[in-house]
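Below is one structure, written out as structure tokens; the observations come after it.
A, B, C and D label the chains in the order they appear, each numbered from 1.
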Amino acid sequence: MDYKIKDIKLAEQGRKQIEWAEMHMPALMSVRKELKERQSLKGVRISAVLHVTKETAALVRTLKEAGAEVALAGSNPLSTQDDVAAALVEDGIKVFAWKGESEEDYYSNIKEILKYEPNIVMDDGGDLHAYIHEKCQSLKIIGGTEETTTGVIRLKAMEESKVLKYPVIAVNNAFTKYLFDNRIGTGQSAIDGILRATNILIAGKVAVVVGYGWVGRGIATRLRGMGARVIVVEASPLRALEAVMDGFDVMPMSKAAEVGEIFVTATGNINVISKEHILKMKNGAVLANAGHFNVEIDVKGLKEIAKSVRNIRPYLDEYELPNGNKVYLLADGRLVNLAAAEGHPSEVMDLSFSNQALSVEYIYNNRDKLEIKVYNVPQEIDEKVALLKLKGMGIEIEQMTEEQKEYMKQWKYGT
Amino acid sequence: MDYKIKDIKLAEQGRKQIEWAEMHMPALMSVRKELKERQSLKGVRISAVLHVTKETAALVRTLKEAGAEVALAGSNPLSTQDDVAAALVEDGIKVFAWKGESEEDYYSNIKEILKYEPNIVMDDGGDLHAYIHEKCQSLKIIGGTEETTTGVIRLKAMEESKVLKYPVIAVNNAFTKYLFDNRIGTGQSAIDGILRATNILIAGKVAVVVGYGWVGRGIATRLRGMGARVIVVEASPLRALEAVMDGFDVMPMSKAAEVGEIFVTATGNINVISKEHILKMKNGAVLANAGHFNVEIDVKGLKEIAKSVRNIRPYLDEYELPNGNKVYLLADGRLVNLAAAEGHPSEVMDLSFSNQALSVEYIYNNRDKLEIKVYNVPQEIDEKVALLKLKGMGIEIEQMTEEQKEYMKQWKYGT
Amino acid sequence: MDYKIKDIKLAEQGRKQIEWAEMHMPALMSVRKELKERQSLKGVRISAVLHVTKETAALVRTLKEAGAEVALAGSNPLSTQDDVAAALVEDGIKVFAWKGESEEDYYSNIKEILKYEPNIVMDDGGDLHAYIHEKCQSLKIIGGTEETTTGVIRLKAMEESKVLKYPVIAVNNAFTKYLFDNRIGTGQSAIDGILRATNILIAGKVAVVVGYGWVGRGIATRLRGMGARVIVVEASPLRALEAVMDGFDVMPMSKAAEVGEIFVTATGNINVISKEHILKMKNGAVLANAGHFNVEIDVKGLKEIAKSVRNIRPYLDEYELPNGNKVYLLADGRLVNLAAAEGHPSEVMDLSFSNQALSVEYIYNNRDKLEIKVYNVPQEIDEKVALLKLKGMGIEIEQMTEEQKEYMKQWKYGT
Amino acid sequence: MDYKIKDIKLAEQGRKQIEWAEMHMPALMSVRKELKERQSLKGVRISAVLHVTKETAALVRTLKEAGAEVALAGSNPLSTQDDVAAALVEDGIKVFAWKGESEEDYYSNIKEILKYEPNIVMDDGGDLHAYIHEKCQSLKIIGGTEETTTGVIRLKAMEESKVLKYPVIAVNNAFTKYLFDNRIGTGQSAIDGILRATNILIAGKVAVVVGYGWVGRGIATRLRGMGARVIVVEASPLRALEAVMDGFDVMPMSKAAEVGEIFVTATGNINVISKEHILKMKNGAVLANAGHFNVEIDVKGLKEIAKSVRNIRPYLDEYELPNGNKVYLLADGRLVNLAAAEGHPSEVMDLSFSNQALSVEYIYNNRDKLEIKVYNVPQEIDEKVALLKLKGMGIEIEQMTEEQKEYMKQWKYGT
């Protein structure tokens, strides 16, 4: 069978979700219209590992309308929306994903979508690219895309180690991606996930944000916007200084652990909240991760030291520590915005996925010219997406005069 | 039978919810300890119409531990948490409430809790007080409390019309209530309700907040904190000027209707969003109400003009207008923070409900002295609650020196 | 001679300043037009102790155009703008004030303006009222106004002690005064004073605001808006809790002293920064006062313990402490916004002074009806000022429908 | 004579200013200590065109202590602090600068400092580099530095046109420069300049920020922090979208002109506020420029159309337009933060100038290796400056564990 999902009967509900998403994705709808007219992906086989959400549905439906055949697996065991998966199957997409799949299922689903011998692959986190490079070297891949910071770091490492096998466009590096998806999207949805999982009051709480990259500063800003007293933990002196100048307290994790009430990790690094940190925390501390992988909080270590564990509400587990304190882990340390909430709002994915769709078309159109390396999204695509978005939002921007364009090119004017 | 709820088997889940709430209500837990020791409500019968949430559970459990017998009905057809109701029944509270009760059920449940012939009544909105005054004049009520602005306005009107039958403490008027519950609590939970119902991006949207009272300014602040461009609609020149100085755009609803993308009402008034306003709105406009009653948006008028209505997601209905535009109504125009989210976070209710518990004790202790009027919460209770809360949060405040106390009393010092 | 000022030749520069102020005071200009037409203060003698600024000029010119004779003394030894004083003298106002007058001069100037046997007195701080009550009991005063919180506290104490001799309108208590003048006006001008005196970067600094009344929260908000990490010190549990929920750190002064880099006092109380606190401070700490009197920082104590003092820039003195640290006192502990900057912007004084002008007219018109007590500004004046201001700013507000007005009056509607 | 300044007798006041600056420049003081020990600029001749402020004094004194001989001219006719210039002359720096110099003086002063036959040149705006390339090609320059965005754009154009004659380090491109100097420094000092020049209330005003680069977003953020309603005008779709998502209104200048009350330009481009825009403005509009050159507002055009011009206060000129409206131009359209206030606070220049000092040393040490091109500041210098700064602020940051460093290098971990 050409799909493996939870329940095809969920399709109608999924369809309404997708319509709701597409209403909030005006840029992608403009791109869809263009690609459909051009039929520029006619017959192209695309296999994608993406979070199976209503917004991803809007993307793969766009690729399909452009003529492609698409197979889709989930990029995270907890992020699949089963009703959306069902609706996509009805639309003719080959979906292999369900919420709560095991790690074994996860890799088995990747294997399934690779059976279709894709020309182009799309990934979110880098697992698909890694899997292909390790296990499916015989596939003839024209090129691929990658959605996340984490995935791009992995691909760049592969490029440097000369093991990369096909060109990849780092969608993550698009201005319209990383400035919005990471900062604006995760900023809101991480708050949303924390609220849905806990319903705690954020105002007046001491919140600790670990990492002040784009995701971290998005979360720190939103937590402040909700009234929290925010501490930033950061290892880069440049970013740490920026956090201070943005008005945040900055300190090492060992100190922040003692005063924090809500902790959110967004570093891309491992064990940034360690067992030792957890043992210093106040009774009632809430721990959430907003980074791609569930390695930022040492969940394994926490489970080892816990005297008891019990589930309080969906995505909220209570760990009783040897010192008698209780700490509360959200979504088992997986990315809280996808697991406990619904991931990025459609409006944000509109940008990333317009870049994705146009990048896939670009790869296919330039398949004979591209070198085997990690490319950034071409600037003309990036700017086009921004303009389509602004237009969709009904916002008009300034136009430079000829005199101004000329001025920006020269250098001899003075004081 | 001494209760009428959805399903007693939900009690265990309800119990965990209540524990979670009580963990975040340190002030009320201190009050509980005191009242329990004093047994100051020994044998007092209390009937209460309150939102049946995990926080209300913490309150009525406190009253019970102080010796009272408590009967509880819900104050809103959509706000009852059925698992909490079940746990309360197991705790010996007489609960008559379930999520989704009809208006007929609502009044029938009020009737049920009045059968216990309460000495003291507690209300949230004023319906219970109104019902007693209209239909149960034979009851011997020592006094009552009222939680909301709306309810207090109604009771003050009753006081002025000389129809009030017993003293009422306006818990709503406690500093620790209206400044926190209305502004901080509703500020967060209204955002939460909008996010859960829609998952739309708030950043960059034009949000219109109708009413700049405590609730309205809480919501406006949080919407701005999430990145919205916020417009305030307000009929009071004093509040309108304050909104402008707080950096918000201010305009009449007829103009705001044309540019808004998210609308939230918080006025306590009727039809502040009318049919005429809705017909001016952009395609995709989202309408939510954060005021106590579902009269602020003209839902009836909207239903009359709509060409079609369909439910998209829980608490999100799409109305297709004669002009072809679609608008999206949340929670059928009922208060979005209770219907689509979980109401105020426990930390906020901690303040209101500590005031409630201490006010009930105060009424009972002073039953021979109180006149038949609407009282404010005594200042010593208000300040005590604030101090218990700060202590529970681990925050130490400044202490005035004797010299300073003396200085504040005199007036002869000069330049 | 009917005036005592620095230099009459400064009048032309003063006149331009006054024009600039009046351009930003649309509400007062509307009031002036009305009062002039009514000539409602024809022949009334008014003596006023007010900060002699361009905005006060706009007020006294308004009183004069309404027919009054006005004598004016400064309310603070450092706040007089000498050019404005000169322009006022040319306009026929009896001005006794100059920048840098001694305490002796200050009282001597008060004596001068009382020689004109005023019918109505206007004060800013309460010194004039106190002086009249102590030394000039023979004067026949119809009534007075008071601009500040401090002055109102003093007058209320006089009222309670039954020593008050004439009715006073507490302009400070007007909604359009205390919410804007204290919070918005001082919020900005305190920042302005600190910047002019020091030119230090506020972003990233730890700023300690002592007092979270209207002035304190205005300053705390603006410091945060400039990027500071803000700590609030407050003795009231209610206000302290509010500060926490607004996202500020709260702690006692003894702890804040150790971590702060900029300190601003706004309590109305004495020695809120004591010698002991100063000795705990970091090298380089900056101390400013935004309260009415120069008693909030223990300047006398500081001078006693200092090893040396030297002036660095205008309004910035360096004190070397016994422990080798240096602290920097602004404007000798006097109110920093008036001494080191130009006081409230005209737009803010527009509100206070429209209330002042209309209150003086109200006192005179109601001279036979008023009791000897401290009155609030009548609500109709307060709302009128707000409306005139909004109109002047080009802002239109919502108008309630008849249905809405009716609804706000009744109480029988329900769920 | 080896200097040309306003008045040597101002030296003592200048010295106190410099001490005050150096107290707030802990990073540069650490760099000074290092360079002095190394004497790494022993005998090097440096000619610099920089704003002659107390912070620049701290820089050139550092270079001198490192062994260099320094000649200094001002980089803007209005930005020289005459007392600082005097103190520097006493310190043995060859200063040719005074406040209010003419354009002719400006170039004559540049000529003077080039007479010393510099080995290294430092510039702020690119005029010095341009002058050398056009008129002094015989000079043997080892290399140079450039402080501003504008200057770097000019130098990059020279590099591309193959006319660049020596290597230049673009200090502006240091992370610790452009993120702090442009955004944090100009953000604050532009507000400061506007306040000093006008003393208007910012809260409630409609402020229009033209340009959303680093300077523009700093100003927009601070204006919002002071309570303004902020509109952004931007020609880049990417930046415009970012502004929207940051919660600002975005529109073309032609529309913003009609609603704005305060206008601040920060584009680096010409005539972004044109005559046509000015004629659309409201009566009372305030115009300020925060970009490097005085070309952003069409001052010439404004002067042509004005019916009359008069100076109101220092740096504030009133222009009466043919339509009867008055607009107010600050500092004649020159950069408002330097002309009407004191430029960047010392704390910000601490970062830029630590980069400057270390970059000059780097150029000299690597004089045999550097190619003729525009270099970025080496990352190790950038990070060092950030660390010295944090240390000087008493802030400790997180340290990565070995495990974490290792993790950041690899790519094979998965879900």
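Going forward, contacts are C-beta pairs under 8 Å (C-beta built on N, C-alpha and C of every residue); 3 or more make two chains touch, one makes a residue touch a chain.
Bear in mind that the values here come from a model prediction, so they are computed numbers and not experimental data.
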Between B-D and A-D, the pair with more C-beta contacts: A-D
Residue-number overlap at the chain B/chain C interface, same or different (half cut): same
Counting in whole Å, what is the centre-to-centre distance of chain A and chain D, each centre being its mean C-alpha position? 37
Centroid from C-alpha atoms only, then distance chain B to chain D, rounded to Å. What do you get? 52
Shared interface positions of chain A, touching two or more other chains: 184, 203-204, 224, 227, 244-245, 393
Complex interface listing, chain C residues touching chain D: 16-17, 19-20, 23-24, 184-185, 187-188, 191-192, 195-196, 199-204, 222, 224-227, 282, 284, 310, 312-313, 316, 326, 341-342, 345-348, 393-394
Spell out the residues on chain B that touch chain D in their complex, using ranges where they run on. 203-204, 224, 227-229, 244-249
Residue set of chain A touching chain D in the complex reads 76-77, 103, 106, 125-127, 130, 153-155, 157-158, 175-176, 179-180, 184, 233-238, 240-242, 244-245, 250-253, 255, 268-272, 293-295, 382-383, 386-387, 389-390, 393, 395-401, 403-404, 407-415
